[in-house]
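Take this structure first; my questions come after.
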Amino acid sequence: MRLLSVAGLTIARAAGPVGRPVVVDAGVVLGPAQTLGIAGESGCGKSTLLLALMGIVKPGLRVAAGQVWLDGTDILSAPAEDQRRLRGPVVALVPQSAALSLTPTMRIGAQLAEALAVHGRLAPAARPARVQDLLARVRLPDPARIGHRYPHELSGGQMQRVAIAMALACKPRLLLLDEPTSGLDASTQSGILDLLDTLRRETGMAMVCVSHDIGVLARLTARIAVMYAGRIVEDRPVGAFLRHPAHPYARALLASVPRIAALVLPLSIPGRPPAPGSVEQGCAFVPRCVRSGADCVTVPAFRDVASGGRVACHAPDEGPLILPAARTGATGAVRGDGVLIVRDLMVRYGKAGPLARLVGRPAPPAVVDGVSFTLAKGEILGLVGESGSGKSTILRAVAGLWPRSAGVVTLAGSGELAAQTVQRDRRALQRVQIVFQNPDASLNPRQSVREILAQPLRLYFNATPAEVERQGRDLLADVRLDPSYLERRPGQLSGGERQRVALARAFAARPDVILCDEVTSALDVSVQASVLSLIRALCRTRGTACLFVAHDLAVVAALCDRVAVLHMGRIAEEGPATLICTAPRHAYTRSLIEIAQRNAAFGEYPEPLPS
Amino acid sequence: MTASSTLRAVLKQPSGVVGVALVVAHVTMALVAPMIVPHNPTLQSAGAILQAPSWTHPFGTDRLGRDLLSRALLGGREAMLIATLSTVAAMLWGAMLGLFVALQGGRTDAYVMRIVDAMVSIPWVLMVMIFVAALGVGARALIPVLSFSYGLSVVYIARAAALDFVARDFVLAAQARGERRVTILWREILPNVRDTLAVQGAMQWSWILLGISSLSFLGLGVAPPAPDWGLMIADGRGIMQAAPWTVLWPMAMLSSLIVGVNLAADAIAKALGVDRTFGVAAP
Amino acid sequence: MTFAQQLMTLAALALLAAPAQAEKVLNRANDLSFGGAESLDPLSPNRFYEVNDMIYSRLVRQNDAGEPSPELATSWTSNAGATEWTVTLQPGVTFHDGSTFDAADVAYSLRRIEDPTLESPVSSVLGIIGRVEVKDDLTVKIVLETPHAGLPLLLLDYRVRMIPEGSGPTIGQTPIGTGPFRVESYDPEGTTTLVAFDGYWEGRPLIDRVQFTAIPDSEARNQAMLSRQIDLNSVTRDQLALFKDNPAFQLQSFPAGGWFGIVFRTDTAPYDSAKVRRALRIAVNRQDMMTLMVGADGGTVGCDTPVRADDPYRADLDCPQDVDAARALLAEAGFPDGIDVELTTSDLEPGMVRFAEVFQAQVAPAGIRVAIKLAPSDGYWDDVWMVAPASVTSWGERPADQILNEAWRSGASWNESAYANPAFDALLDQARSTLDPVAARVLYIQAQALLLAEGGTFIPYQEDGRRVLSARVRGIKPLGEDYIRWHLVDLVE
Amino acid sequence: MPRKIAGRLAAAWITLVVIAVVVFVGVELMPGDACTAHLGRDAARAEMLTACRDRMGLDRPPVERFALWAADLAHGDLGVSMKRERPILGIVGPRARNTLILAGAAALAGVPLAILLGFLCGLRREGPFDIVTSTVALVAMTMPEFVVASLLILIFAIWLGWSTGVVTAAYDAPALTLLLATPLPAITLALVYIAHILRMVRSSVIDTVGADFVLMARMKGVPERRIVLRHILPNAILPSISLIGLTLAWLLSGVVIVESVFNYPGIGRLAVNAVADRDLPLIQAIALLFGLFYVLTTLVSDLVAMALNPRLRSLRG
């Protein structure tokens, strides 16, 4: 008996140029209590596919072909009332962003009760008890009180748990999860994954989970499907997939995931996915593929793989996944004179106003409390910690974008740095550059790449247009972008390309110190790998020191010479990357390592779970 | 977005077509009217007082026997000119102040906006009347007044639009580079709020035009005998029962222009993806 | 509920339901021209004209021909030099408070004109009264400082009303007159109610009550008239069509003395040249101008005379349009290429702006280029009038002697054109002291001819009064407001 | 929450003070003074002018006059009208009542209608109802008030004869009389109100309809009707409340034109007269009153928004 059966599902844009559909010819079969993970990078169509499983197609899209049979009903063509009856008791979804998916004006309890009420489950009198029960099941503390709260009064993790409780309300037989942990802290992530795993075991429901993070899927599901450019290219049992990925894309994808145990830069995938709306001509991965041949001009059909599952490739590689060799010892550490010295840095958010001082209200707690470190010339120092640990604040305080409460920041050759950029001289400003997390926000959408690069050149070196042109081309070449990109605007670039431009802009100032604030966390994993190697290369060739802030220890460990672990505003531990990762001394460091290992544990994946 | 692609997106919307057509028709008319009007708009005729529309006078005549077709065709020129000058001035000072306080933030922002709040709470008509009493009647004298009172709402719009961007990382990046405030305003923020301000400018223009007409209607605007729609409506209002044509034509002309500008601005806003929900008419 | 209570309730309902007593109520509108500062003191600069006309009486009133005729004065005679006037009063007249009207009241009311604290504009007209002697209860002697043969004409002034002796300080709030109506309630910005005065000396009025509603906007008053919320109203030419041929209304038009004019200050270049002044005035076709402004039959064309058409002292002069002569005059005066005139006006009164527009169009063929400057309506009388070199002016009806003296005598405070001609002043002096009306007429006409020849004021016509009455109103003749005998006005359903 | 309300009240108070200063300075800039306006033609006589100025206290320096006025104001005394020579409170009071009747009638009839229409338009975005209604709204909000007013008079009063054209009721007429006189002026005023609020609500609804939580409710299997009423409606309207208040306050200035055209005996027409009379204390009082209307309307709408919107209610401070 099939619970879910998708056949030939194609979802296209409702308007605009005819091109490659968002989801092409997707086929999925799932029995009761079975699990499937769908992996892929942003824009591959995985979320669209997931929503279609509930019979929902977002505005602007339309079902061009195919059916989604859910418990014997084609939910896509069923009348609205039948669709509604299926949602809840048969299929339920945990949305990507719980914070946006809870109705702001309704109490948590009411929203849960509503889910029960609309399907006529339970007499109204029995609902409050069931609501509390649900909240307890998702391990929320004090369910009675949580039920009376509004969504905005909960933390992100709590909201995610509420969303799960809501999905579970009508005891669905199929649970859909859309990036269930993205946007959450590593430890919170881990808790949610544990919970989902437990719930699945307890209820025996089937599960389809979509994520860009293969580690998440490996923990939750027994099968993994990989999507690329709207198509499912590989559909394998998880163990076989992780050890012997067959599709060249899947192999490259797995190789680009940074691993805590390896301590080397992961491999990146050259090129970029086909633009949305481009016309499909044969295998979509060809331009980036290491093994392309003559028959790749046709769309490959699925073929079975010996170790289980199937793959859509004309020339699949069934050999074991080869990863870069692990780094050992404290190699690569460059120790030289300190170029940036931070002493006893303290930052508080907000300032006690006169009224607060009058009534004796205590000053707000310090976000950064007594942090000291030295960045050597040409060294890459990683600053790692969870959100709220104060790592970005340190970066901004050093850059002069956030007032510090105490402490001294010294830049060798420029002396002590003033607290605010406006008080710093041009030379000091030029020597310290910052790169932000999100290149969408840090590049002015109205400026061309040329204008973006021209700004530091003009500001610090009074460059003429001709010099801007020449140096702009050089900088683009340095970040591996074509000179034609000078004319483009950020909107015409991919996320990775934008971050390269942001890096180019920072290096245009020929800085001695570059501050990187979570520069890869908004990027897809394959793109992240290339940006990391770019940063390493730029710093090494130019002798620029880098302060690299990230929440992912695996990323930091892969890139940095030295690592400082930040915990609650203080440095818990500091040392060479290899040492920190192999022989942590602080308990907090150990927990970070554990989480990183668990979340990306597919290197040593055990035998598949019985399904 | 380039100008031509914006225009194409505007013309895809039916309201955009109507709006642009009305505006183009009005502007063309204002430019060529002096050459094509059938009669001298100020020629009085004791023998042709308050004549209903006829072949000689397709729009009829007014109390002084003047040809209403000629007057209606010419009746927007002065107001349009003044509206244009006032809009430019209002947009200039309003946008500059709005952008400046948005970037400055903190106390400057709070103080300035409090004063702007207070100004805004006084009805613009009252404010203009006070100004007119101070500066004297005359359409040109209205320019500083109108640009001041209408600029107040530009301050709001520009500030709100800029606030969307001042917290963005690219502004932060510019600050980190040590760019001067003026440079940040000019290079980083202005290009991003340009569309919003352009749409706002178009709407301001229509509102100022409306304001001038209202003032002319109240006798504080364009001076006779210059043909002006507001004046014509005021002049004919008392006799519209007996001679409705004296008010209907100028009403139709004024309304179609203002509605046209707004339809066009609305379509442009949609095409540019600018949110113009909170474009309240009077400041 | 007891039976008695029920009965009382029924009775109360019956009373409420009963058709309103056929009380005759005349509904009027007041125009709030003083913005709420209207005073019931007849001498106040803010006199509440519409009400005062109904509650007070004058010594002398117009007969239908506009000549002085007895009201509270039954007869008047002067000495040979026209410096002492003896006035006999109507016996048996009572005030609204029941007191009797006598010579002391007259003396008090006339002397009050000179009271400087009142700031009364009437003092410029009747300031010539030196003293008032009470001869007996019904006789007073008025002694003038300068001879004036036309004193009864001056006493026609609508502000010279008789009030009880000593009532001055309170008259503005508690009006007591001898008129046909007395004030019941008074709120110039809201409603003001008058009731018939049973003790009126000419007999109780035919209507019981007059209700005034403040409607400042003339357009609104017209609407109120159309919806018959009010019974009488003045109308403009353009509004006539709304009432014409409608059985619900009666239309009246009558000669009146109000006029718009254009003042060219004779002491300011280029208007200090009499040739320029004359050119500006003869360039106009006055008949056309009147037709455009008020209609071909909306008034009486005149030749820069401020005197109303049916005034015995009006000069009937001839002043045809002569564009060539105007051009020639301008050339002689040193403006061969025409002249630029900046004419200031305001929408203070309906038509004041249009008047300038029509003038502008009229004189254009003579090479006179008029630029119209619009001044704020508030402040027009202090900032523009008597200041701007050329401006539009507006005057209400006044007796010939009064207006000529008020606006053209050298040094008069309202001499708006700054006209100063000893010969003109001498003519006026001579006319005033001439008791023979025929001889006086000759002198007044000479004075007006002088103004046409070299004056600085352009007066193309006197506008007729136009009034619309609801069909039920009776007893109002087609004459000016001052002529109406309110006690004879009746309402017939 | 209490601190937030206190802060809001303080801001309102400061705005009022700033308004007072701005108005006083504005009026001071006017040429002439109450006496020249008051005496009219007689102002040419120096002795009358001096007497008047002396009586009105106009010979004192402006700063002193402002101080005196502000001190009286603090005691609830608006002063005495120069022109009318009566306490301003008595002049302004009944007219403020009339304006409130007019604006209230317009708002009570208009705001719910606007919200309803905006809501329907937002739900049926780009549907025929939305396109027609939105276009009509755009036309309505851009037509000059005096044109709308004149058109309404022409159509309803003159051609159809359904109502009287202009209001002839006196300022002290009973509330009911005034209410019966309000239809045309209220419609004129409300048209602009309705159009603005409609567009605001519509765009808020469009944003809400596309929100994730609406999709989520749909995925929970919640019936459409309930989604609209429980999930979309409150979340679309609540954030608009403050904006609706601001719009109402902003558009209140429309009463100046509307009252002038319809001869409605309210504060707007009084304002026109007061400026014409240059009745300094009266102008100040009226401007202050407009400021007060504005501040109160926005204050009330903000407080209502705070009370109804859980997100605002529980924010710190």
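Each chain gets a letter, A, B, C and D, in the order it is written, and its residues are counted from 1.
In this section, a residue touches a chain if its C-beta (ideal position, glycine included) is under 8 Å from a C-beta of that chain, and two chains touch if they have at least 3 such contacts.
Every value quoted in this text rests on a predicted model; they were computed, and no experiment measured them.
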(request) Considering only C-beta pairs in contact, identify the chain pair with the most of them. (result) B-D
(request) Compute the centre of every chain as the mean of its C-alpha atoms, then state which one is farthest from the centre of chain C. (result) A
(message) Distance between chain C and chain D based on Cα centroids, please, to the nearest Å.
(response) 41
(request) Can you check how far apart chain B and chain D are, centre to centre, with Cα atoms defining each centre and the answer in Å? (result) 22
(message) Just the number, please: Cα centre separation of chain A and chain B in whole Å.
(response) 48
(request) Could you grab the centroid distance between chain B and chain C? Build each centroid from C-alpha atoms only and quote it in angstrom. (result) 44
(request) At least two other chains touched by the same residue of chain C: list those residues. (result) 219, 226, 377-379
(request) Could you tell me which residues belong to chain A and also touch two or more other chains? (result) none
(request) At least two other chains touched by the same residue of chain D: list those residues. (result) 31, 260, 275, 278
(message) With touch defined as at the top, which chains are paired up in contact here?
(response) A-B, A-D, B-C, B-D, C-D
(request) Can you check the complex and tell me which residues of chain D touch chain A? (result) 210-213, 215-224, 226, 230-231, 234-235, 238, 309-311, 314
(request) Under the touch definition given earlier, write down the residues of chain B that touch chain C in their complex. (result) 42-44, 46, 49-50, 63-65, 132-133, 136-138, 219-220, 223-225, 235, 237-239, 241-243
(request) Can you check the complex and tell me which residues of chain D touch chain C? (result) 31-32, 36-45, 47-48, 51, 81, 83-86, 91, 157, 164-173, 260, 263, 273, 275-279
(message) Which stretch or stretches of chain B touch chain D in the complex?
(response) 14-15, 114-115, 117-127, 129-131, 133-134, 206, 210, 213-214, 217-218, 230, 233, 237, 240-241, 244, 247, 251, 254-255, 258-259, 261-263, 266, 275, 277-278, 280-283
(message) With touch defined as at the start, can you tell me which chain C residues reach chain B in the complex?
(response) 218-219, 222, 226, 236, 238-239, 241-242, 288, 291-292, 295-296, 346-347, 350, 353-354, 356-358, 360-362, 372-379
